[in-house]
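So, here's a batch of structures to check.
What follows is a pair of complexes built around chain A, which joins chain B in one and chain C in the other.
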Partner chain A sequence: MSDVDATIRKVLETHGRLPVSASALKDDDDLYQSGLSSHASVNVMLALEDAFDVEFPDALLRKGTFQSVAAIREALESLGVVVGPG
Partner chain B sequence: MKILVGIDVQPIDEVEASMSEFGSRYTRRLFTDHELQSCGENPRTAASGLAGRFAAKEAVLKILDLQGTIPSWKEIEVRRTEGGRPEIVLSGGAADLARRQGVEQMSLSLSHGGGIATAAVVAQLAQRPTGTSQ
Partner chain C sequence: MSAEGFRRELLKEGLLQDGGVAGVYHRSFTFEGIVRGVEALVSAAGGNEQHQQLFFSPVMARSTLVDSGYLTSFPDLIGTVSSFAGTEAELPVLLEKVNSGGKWDELLSPTEVTLCSSACHSIYPLVAGTPIPADGLRYEVQSFCFRHEPSSDPARMQSFRQHEFVYLGTEGRAREHREQWLQRGCDLLAGLGLSIEVVVANDPFFGRAGQLLAAGQREKALKYEIISPITSEVPGAISSANYHEDHFGESFGLSMVDGSVAHSACIGFGLERIALALLFKHGIDVDSWPAEIREALSLARDVHSAEPT
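== the complex of A and B ==
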């Protein structure tokens, strides 16, 4: 698991209010199906901004951006975060 | 006449925790100046009002046919009429979605209790959505 993936899962663990452990989620598991609420996704977004020193533009404030660990990683990559090998 | 109903709940303590952790980055991302002013500056009482407004935004999103796009949170605004009743005011992409869907009018009710804020929205739709040819 890359450092980026580990940080995403840590943010999900602390801010996602998920009923399951974020470490148990597969990359493509649907976070909303796993219990992520819209309000919690806002907290996840703000915590990701802090963790990676980025700002999510309005264009990325879509449900799909936070649909899965893989989708979050892709969004972070589009913001310039370098994702190393897993 | 076609009617659609959207309803949502929001735990107030979650909003209070977000305000405490992220401050204005959180509130400015979700709420308009009017909404923030309406709810006051006391964090405890503001959290209750803002939780209701967040629930209202979610309730509206349940009514709109999003087609993969979620409007900005601030494009769905809760305003108070002079008489004190809450009302939904849409702008930007949210207003476009509602217009295309034929939403003519929305009615909002807010309630708080037991640590939960609740919003119910009823939308009245035109018989034929705007932009359709039949």
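== the complex of A and C ==
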């Protein structure tokens, strides 16, 4: 797993309030179906911005951005975060 | 006509009087007559269903503001109530500030009440702790609500009334309640001659994080608004129909007899906004409104009031 993925999962573990462990989630698992609430997704968003020193622009402040670990990774890549080798 | 132009007409006709602060208006008895006519029509639309009916106190417990989530989602809109909790020995400091035009409000402390954030919020603490029957609970309520949005547009009063029909119970019935009332609301408002439209909308959640919440709310179509011209041709919401999922069920600990968390839904009618929309549509001179509209709202000819000054 890349560092970026590890950090994403750590943020989900700490802020996602998911009933399952973030390490058990597959890259494409739907986070909302896995128990991520709207309010928790806001905390996840803020924690990701903090962890990666980025700011999600308005266009990315949508549910789809945080739909899965893969979706989050793609959004971060689009903001210039370099995803190293897995 | 601009909102400002319409505002001037309303003031000139004496239907509203400026309260001295942006967004604060006093209403003439004629204006109130329209409001009460709308209230009666809305209430009658509740038809054959049994509702617990309550006019809520315009102030509510602080805990309700917190538990409803309104404080954290819309901190810029809330209204709290403060008072002087000091002793007689501390009074001279307050008097000195008042007399010198200083910041005397800094010497006040929050009380145990706040202004009402939304009419349905006062229902939930009443219901908490008692399991909700399988059929659910239905409420018809009204309250003065406060939103700190000072504006010269009379469509945006700081203090205004919401008349709501609320359902608490299962997800399926909550969604059904919302759909049913959205239709009833449209029929009622269109029946009064208003040019309405239904749109998916979102609440004005505060800040950037709020944008994500707003986007989520729109994507799930949790809020529909019935919009209409109110004080200008630019339409605004005169009613909103909301499906709350289990938000209030979780926050207030509302559960069904089978132990599941209750879902809820509500429709709110903005009484002052509907009255303004009617004035904008049918004209400032209420006496010359179409007869069927006057009849629907039980508006008597105004023979008793003094000429506006």
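By our rule, the second predicted complex is superposed on the first by the 86 of 86 C-alpha atoms of A that agree within 3 Å, B and C clash if a C-alpha of one lies under 4 Å from a C-alpha of the other, contacts with A are read in each partner's own complex, and residues count from 1 in each chain.
Everything below uses one rule, namely that a contact is a pair of C-beta atoms (placed from the backbone, for glycine too) under 8 Å apart; a residue touches a chain by one contact, two chains touch by 3 or more.
All values reported here derive from a predicted model rather than from experimental measurement.
Participant: Kindly classify A:D58 by the partners it touches after superposition: chain B alone (first), chain C alone (second), both, or neither?
Facilitator: both
Participant: Using the touch definition from the top, say if A:L46 reaches chain B (first), chain C (second), both or neither.
Facilitator: A:L46: touches chain B and chain C.
Participant: Touch check for A:Q33: first (chain B), second (chain C), both, or neither?
Facilitator: A:Q33: touches no partner chain.
Participant: Identify the overlap between the chain B-contacting and the chain C-contacting residues of chain A.
Facilitator: In the superposed arrangement, which is not itself an observed complex, chain A uses residues 38-39, 42, 46, 58, 61-63 for both chain B and chain C.
Participant: Within the complex, which stretch of chain A touches chain C?
Facilitator: Residue positions touching the partner: 38-39, 41-42, 45-46, 56, 58, 61-63.
Participant: Which of the residues in chain C come into contact with chain A in the complex?
Facilitator: 208-209, 211-213, 215-217, 219
Participant: Can you list the chain B residues touching chain A in their complex?
Facilitator: 10, 14-15, 18, 21-22, 25-26, 29-30, 54, 58, 61, 68-70, 72-73
Participant: Tell me, which parts of chain A touch chain B in their complex?
Facilitator: 17, 38-40, 42-43, 46, 49, 58, 61-64
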